[in-house]
Amino acid sequence: MQLQQLFSPSVQHTLDVVGIFVFAISGALLAVRKNFDVFGIAVLAEVTALGGGLFRDLVIGAVPPAAFTDLGYFLTPLIAALVVFFLHPHVERIQTGVLVFDAAGLGLFCVSGTTKAYSYGLNLTASATLGLATAVGGGVLRDVLANEVPSLLRWDRDLYAVPAIVGATMVVLCIHYDTLTPFTSGLAVVTAFVLRLLAMRFHWRAPRAWNRRSTVTEE
Amino acid sequence: MQLQQLFSPSVQHTLDVVGIFVFAISGALLAVRKNFDVFGIAVLAEVTALGGGLFRDLVIGAVPPAAFTDLGYFLTPLIAALVVFFLHPHVERIQTGVLVFDAAGLGLFCVSGTTKAYSYGLNLTASATLGLATAVGGGVLRDVLANEVPSLLRWDRDLYAVPAIVGATMVVLCIHYDTLTPFTSGLAVVTAFVLRLLAMRFHWRAPRAWNRRSTVTEE
Amino acid sequence: MQLQQLFSPSVQHTLDVVGIFVFAISGALLAVRKNFDVFGIAVLAEVTALGGGLFRDLVIGAVPPAAFTDLGYFLTPLIAALVVFFLHPHVERIQTGVLVFDAAGLGLFCVSGTTKAYSYGLNLTASATLGLATAVGGGVLRDVLANEVPSLLRWDRDLYAVPAIVGATMVVLCIHYDTLTPFTSGLAVVTAFVLRLLAMRFHWRAPRAWNRRSTVTEE
């Protein structure tokens, strides 16, 4: 289990809470846009922030999941929901700032998710997959509950999965070559973070199926 | 585990089956309204009735979940589906009656869900959260499968989460002060039930985000 | 556990991979139709192929689920996604062929899902239910992620659940009468498969609720 102690526990916990907070903001903002009430905002904040980690913990058998044992993990999204509830026009105005934090959360979660899955005995491919699921799962659940097509799957959104895949892959390569340290982990976080920022800046997109007639965009 | 034996097992089981039945009715009615076939009606009845408890059991590690070990829990929604299949215009006509029973299910499930989660070692906050999830989870799954925005999240529906939150909170307060008895548990059930009835009667609603322009109601 | 060894392990594994592949094709095709990018295609292929088994494994407590421990299970949907990505007009053209394979997957999964659930100690009813869930769960998740009403639930689709229910029921009857052999298992697979083919050929459909005014088809 020493793998989980890449960073000192308090540093790791702080990073997790930061990631949870920014994901919760994105969930709460969507809830406002969908005209949900204050409880809908809180629910969507919780689901977005904790859904990915909850799925990972169920899959690796880490029950009860951290989302239900760590009070800080549970309360952070509620604070984010309150912030959005009272200040949402201001939060909207700093939307770019929110997206930058969301990119940071993506980087943090893909690395911590991969590490935790590996420490529970999964193989390298499965660990990287669960790292990806940890990073993007909350957003998918958020969109499903809001009755929208998950933005993860849409072609007209900037790359989101690829940075997380790269980060998770870097971690499992480091594990494989026995070079996983706080430094290399941090490098993986930063790489995923920067890739996501670049994808947003230059509107990188993934290709759709070959021969797809692009006029058919009834989605 | 003695916590679970608040009521005699047979009383508890009867209450559970009643809650399952009324939730299943609400799922089956939505299926009819969505024009689903008889299997769709049965699936939505099962999911609505057992989804919340299934989620709770997966989170606390109570596998296989009660939904799959207790034949009565499994068959009750099928009976509800048959009732709706053959009698749905009559069931629709007594829609208010159905909503009263649904409120009773809400009260029963938020209390029994909280109690079960605590008996599996979760802390008080997590137990109350899982009590809430037990009570409202099935309805959320029902709406997701029917491809609708969960009515739990919509601002234009009467309060649904709050009564369950109050009931679950009463239970954890009683646990904290060591006063959980069949009487206080029953009081929590009745409080949640009555609050929900009042919310329906007086159309209590929760606020949306401040400064939300209410003209934007394209949802 | 000898129940799981109905077929030789390598035969069983091959059958599983075939079922996974054809389900993944159906997920990837829907992703193309929804205009998703290449990652959306891969995600939908994975979810469709592995979602049903993943749900079953979480319910019976078989963690980490086979989807995350068997590299072949994980890579097969990616290959299916690539096939669809590059060849989808051709795959579309052989849509009937795809549906035949999908029917084969339905037959295989309802039998293997039931058997695995029983080998983990569930009762016969629960085992058959999980067999059904294994066979149809991936398709339901596929449709939910694509923001569509699950075709499993729609009245205007040919029977899909019934063949799986029949196959799963045959398995539990064989278990009950102690006559489960590779031959009888194979018979259950073939029965479900043929029933599904007949349902497609003759457009068998399940009834909707009695007295349902069929003019109301706004779904």
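Letters A, B and C mark the chains as written, and numbering starts fresh at 1 in each.
The rule is simple: a contact is a pair of C-beta atoms (placed from the backbone, for glycine too) under 8 Å apart; a residue touches a chain by one contact, two chains touch by 3 or more.
Keep in mind the model is a prediction, meaning the values are calculated, not measured.
Taking only C-alpha atoms, you rotate subunit B by 120 degrees to land it on subunit C; that is to the nearest 5.
Taking shared numbers over all numbers used, the subunit A to subunit C interface scores under half, which places it in the different class.
One finds 29 Å separating the Cα centroids of subunit A and subunit C.
Touching of two or more other chains is recorded for residues 58, 144, 147 of subunit C. Residues 58-61, 120-123, 125-126, 129-130, 140, 144, 147-150, 152-155, 161-162, 205-212, 216-219 of subunit B touch subunit A in their complex. Chain contact summary for the complex, subunit B toward subunit C: residues 31-32, 34-41, 43-44, 54, 58, 63-65, 68-69, 71, 74, 84-86, 88-89, 144-147.
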